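The following block contains the structure, expressed as structure tokens.
Read from first to last, the chains carry the letters A, B, C, D and E; within each, the first residue is number 1.
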């Protein structure tokens, strides 16, 4: 059969033969080219490691109140970052607090991301009245300031780790729904989707096998950029007394508890504040880098 | 006639000259809700408007005893009837005269449902107010109401009926008129309240001519404002900042033992170990109040051993459980609990009382030492209160009570079945409480309350903690004596 | 050579992206004589646009670099000019028309505002005269409603109209040299015919030289006096237009011409060049076309051919080597 | 001739509605407005016209990639336009499409193997082992090989991608393929490779093509019959050689004359049309071409012309031919 | 244009309506505020009586219906604590919040746009890199923390500026800086990337090829194009600023809506919360509406259609 097509072998002479690198190695070689991406990645890795092994590496029990040692300044009696108003080691509490931030960031992004993505997909793929209704809801929610919304919800449903995650997720899903919907809309119009229809692939399979895999990139980018927002929002809400409640050491409530000491014992709010800044910075740097490498088009959202 | 006021009255007074300062700015954590009297049950509102309105009876700033204010004297005619004799020759800021009508009007204001006064809930037993003569009123209650005088002293402020009727309550709530030491000048919501001395004040023209309350919700901002000289006085310094203020130039700290008490409630409404007297005793032994007081409150507070504080009129000395970990463990074991596997919940508000959530964490650490695991749950105040009232609390919680000047209102509201605030209930004790409450003989009453106090300690009804210490940051040269009733009266202040 | 308006000598251009560098222009030489139309043909990626941007000095300044060569315009080496000297030439002595009329006009400025720019920059005319001049040029390119159009925005115009506006923009200062980078590729045939005719007329009237870049041999045949054939960043053949079509020397040129459908019998297989253009980073030693060349021999894979040929027809192919006896 | 017809398009219309918000009436784009033609078994039928005239829409509507507004598309006896969705899916085995943009028409997240496997899987062709063999086979035919199986589309050049697209279209051995500008995104040298491949495949499998293009020289080279579209309508249909030799409609004449010459020595009389194609949102009344037509008459402004048939199925919609006397005059001018 | 306005107006109404509905139900389901207002020793029957008086014992849908009917007439009820008109209380605070948000916006724009343009112009220079670095950090700093730090230094340590509070312009300095910090970072970044985006566009190349000098290219051409997306962002961020004002207002004792809302949430003073939500949603929707109109105005592609 092939014999009737004499050229077929020849065409190959120029085929590009790139060394096929594994995905991880391309990831790292890309990363190593951007110092800011690298920094972000290192911060995130550090954060995750800390949140995993935190309980085993804290020099002191983060919950144990040693009253006689309260408000020690940094670098005294083995307390690297000093102690708080109950004599608890701030360094240990920051280490443990990392876990809360990671849990909140990740859990919120998972819930908000999953829910928002599903809504976005439904809206974008099936269109129709459902789309109109859902997008109106999104519009409505977007017409209310995020932090205020989170605050109101949290005040209403009550404080605590679980509730702050819920309220952040309720506040956050719309962004995902918006972005994913527009991605789906764009994908729907792509020729390769038309090509699938032409092949006879069923709608369900098109959705699952062709649209969803192409959404991973925007989801990951968006998620990485949102985490920073959530971490800061959690801290803000905790600061106002609604979020994660003591004694759970979360950075936001460390700040909230320490804010009365700002004039006398600066270290109480300085270090948890720095922890938040560094985390948000790391996540943002990494997210920016991801966006720039994976999808130069998504800028500005 | 005024002695010193006339000569200072000029245009310059409002600003206050450099040398003879005659104005004062008080930092406050939040605004008054309304400026009308007898409506909002709230310390911040009351503390401020008490400079504008006067009560019939007030408390002595040092002892908390009742002293005459607008009323000259009061007597108990029978169990249901009270008669008050009012002072004469007192005028309101608008020139109107104070008399029995104003007193009746003010009480009726509370009682009139249309006004939606939240005080009415405590005045429900008052049946009617009668003007006997221009300076005499009689109050009739529907059932014996021994704490009426306390209500009159703590709740009731006198308004000018003519003014309120003329401008309406809404306007009166914005521009109040009273007989108080200060006249209203300007109110900017959430910003400041400005008052000026009332020249014709019935006692004496106040020395401080201009009184301003400024609202600063964050402590650190309040502190900055104080350190930078923008405010001269504020209440509730966190104990850890006391030293700093003491050391700051031109500043001092004033302290007073308040009538407000803090305690650790052991919830017998909840199906759990706290229903067992032995466990409650064990907790009493395990909690080291002295340590908490010393290390968390830096000693600011007065330790209590029973249900009432020393300042309470019905106080009797009770035995102190003291701190004894071994005994605590023993008692727990007797009660059938292995301390190591006992897990308790401790609820606390955050920022309502001095170091409250920290105290809770401190108690948790102390119980940890005998092996008991305590999960501290910090609640937003509204939720905390709701949980108590809905009886949804679990094992233990922290709460404060005040003003706790007299035995009846404290004990009745804390240790009966209908009152959830200690969440301790014992049928026999309750019976005693009701019996004692109904007594009119002062001595019998005191004896009754003394017995109840001992019973409550016996049954380990709660873990008494302390009387709160009220701490004030004060300008060095400001004459200011903190009051046991937490009020801040410009009238009693002066610059040295 | 005094009649040359533009002379490019051994131009080599390099791009940096990240740590990698590519060199898409690896030796471009050609001359454009006064008044002539020189065509540059080549497939996508052969470096046509980069060359034209280099002439205009519009290469991205951070990532690109002219690593060698000269661009002589009226004897002056443009590649050494400073930005503000260059500015005086752009739109004035040399002007350029771009491929995409849709994106080459600023969507938030009116046509009039955009067209007044070269006159403002180079002619210091008063406002009124500017307007009159613009309208005159717009009429010249066949826009009847010129007075209205200057107050309209680009999106209100069709593709053909926009390309006319682009042409008038290039004409405003009556440049000596006009560079047109695929001016009709984005247009339909009927519109393409309009625009090509317009350009021919205008060139004649304004006595300009024209550098016409295209990948369409038909357009070249129609418009040009001489042709430069580019392949993978190099010039492989330069010839008079008739000479090129009648007697192409380089196998690539031959291949291009022969693969035109009109050169083949209907319904039969077309002549085709196998393989595809190498990417800049795949080019190694030897002739760039060797791996697709049907007549390549060993030397082609070893050594890069120099320019062969006499006079006006030159090509870069070992087959043209007079010392090489064998011609297949 | 009738039994030879594979596809019959009758009065096909496709109107797009562009919503202008709640308060404005939405715009109707008459992308395809009442067209009819037949495609015979084994032939290559071309659609030619300027950008936006509705060529792609026609192709997509025929394959039911969008639902027609009105009209019928009869494929081998079945009216596709009204077929239930699932039956249409199984019919797709017999009708396939090749797309213009080789970059956009392949899912960037799938390997060549997955891309080619999909049609077989969807239509349950062969068992697992044979499928693999079939894929290798088809790759070989389009000039790729086994080593490419695990690669992603971005690792290929434009020409190679177009080959993959073609492989995907022919792997089910369909009867009919709509090729929407399959070569216009490709370079000249690669374009001829792809055209050759298409010609070879047609011979090999006896394919019928609906070939959409705006490149007249490609159309002249490889198609059997041509329909010329203008503004959503077909203005002329003829056999390819006849059309290029003897165009009837003034638009066709202008179109053909506008093609650049292929040799500098060639001289050609040009008909340069004035202005641009009007918007399909509100096409001009009467003959839609009259706004640009050099021969426009009064009647052209008022009524749409009906098709006039010349010899061998050559038809043109033009008022020039509805009046006999004028016909002769103008044909002479333009031939 | 008119139908655009009408459509947006309907949308505004819908937004506000839904926001109120959602908050209404959430807030009611969160609990009953009666006990908070009463003295702790209030007898039980009394609590019940007040509950009835305040209407909290009625079925939820009746309460909702009542609320909506009144709200439509601009009556959000009386504050549960002060018995004043809730809407009026909120409106009284509005100017303070708006003043803060607007001055923060003006400050951030007047810093961010020049900075972003300069950064884009000097791309990849040290200046640009420092600028980009600072903006990333700026976005990572929680505003309340920044506020506390500012108070620590400027009010407490150096005693240069007041701790906050309403009043003169001096009082606004710290809160404005705090509030503006985040938007400065965001706007700068956005302006920079919008500028870079535009600078890559074909039409900029066209302008360059007509001999337009770089300076003019940036100031006149690229900036105008970049402003279009910036306008949308500014509208969105004014909302963020209004929202962010809550925290800033608390930290700096600023007498605005945010602080009022916070207090009312804590106090469970529902009518004020709802009136506050109403005003914020309305403001936000109106701002977005203005932004849309403005967007349409500067973007000729929309204007003409």
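Heads up, the rule we're going with is that contacts are C-beta pairs under 8 Å (C-beta built on N, C-alpha and C of every residue); 3 or more make two chains touch, one makes a residue touch a chain.
To keep track of the chains, here are their UniProt names: A, E = ABC transporter permease; C, D = ABC transporter ATP-binding protein.
None of these values were measured; they are calculated from a predicted model.
For the pair chain A (ABC transporter permease) and chain C, chains touching both partners: D, E.
Least step count on the touch graph, chain A (ABC transporter permease) to chain E (ABC transporter permease): 1. Using CA-based centroids throughout, the chain positioned farthest away from chain D is B.
A count of contacting C-beta pairs for C-E and for B-E identifies B-E as the more extensively joined pair. Between the Cα centres of chain B and chain C there is a gap of 90 Å. Our note on geometry: chain A (ABC transporter permease) versus chain B, Cα centroid distance of 47 Å, whole angstroms.
Per-chain CA centroids place chain D at a distance of 54 Å from chain E (ABC transporter permease). Those residues of chain E (ABC transporter permease) in touch with two or more other chains are numbered 148, 151-152, 156, 250, 266.
Taken residue by residue, chain C touches two or more other chains at 272, 274, 276, 292, whereas all remaining positions touch fewer. Residues of chain A (ABC transporter permease) found to touch two or more other chains are 7, 10-11, 14, 16, 155, 158, 259, 262-263.
Note for the complex: chain A (ABC transporter permease) touches chain D at residues 1-2, 4-5, 7-12, 14-16, 18, 190-192, 194-202, 205, 210, 213-214.
Within the complex formed with chain C, the residues of chain D that make contact are 50-51, 157-160, 187-193, 195-196, 199-200, 214, 216-218, 220-222, 240-241, 254-255, 257-266, 270, 272-273, 276-277. Residues of chain A (ABC transporter permease) that touch chain E (ABC transporter permease) in their complex: 36, 136-137, 139-140, 143-149, 151-153, 155-158, 228, 232, 235-236, 239-240, 255, 259, 262-263, 266, 269, 273, 276-281, 284-285, 288, 299-300.
Those residues of chain E (ABC transporter permease) that touch chain C in the complex are listed here as 123-124, 201-214, 221, 224-225, 228, 298-301, 304.
Contact residues of chain D toward chain A (ABC transporter permease) in the complex are 60, 63, 65, 89-90, 92-93, 96-97, 99-101, 104-110, 118-119, 122-123, 137, 140-145, 148, 155-157, 160, 163, 165, 168, 193, 196-197, 200, 203-204.
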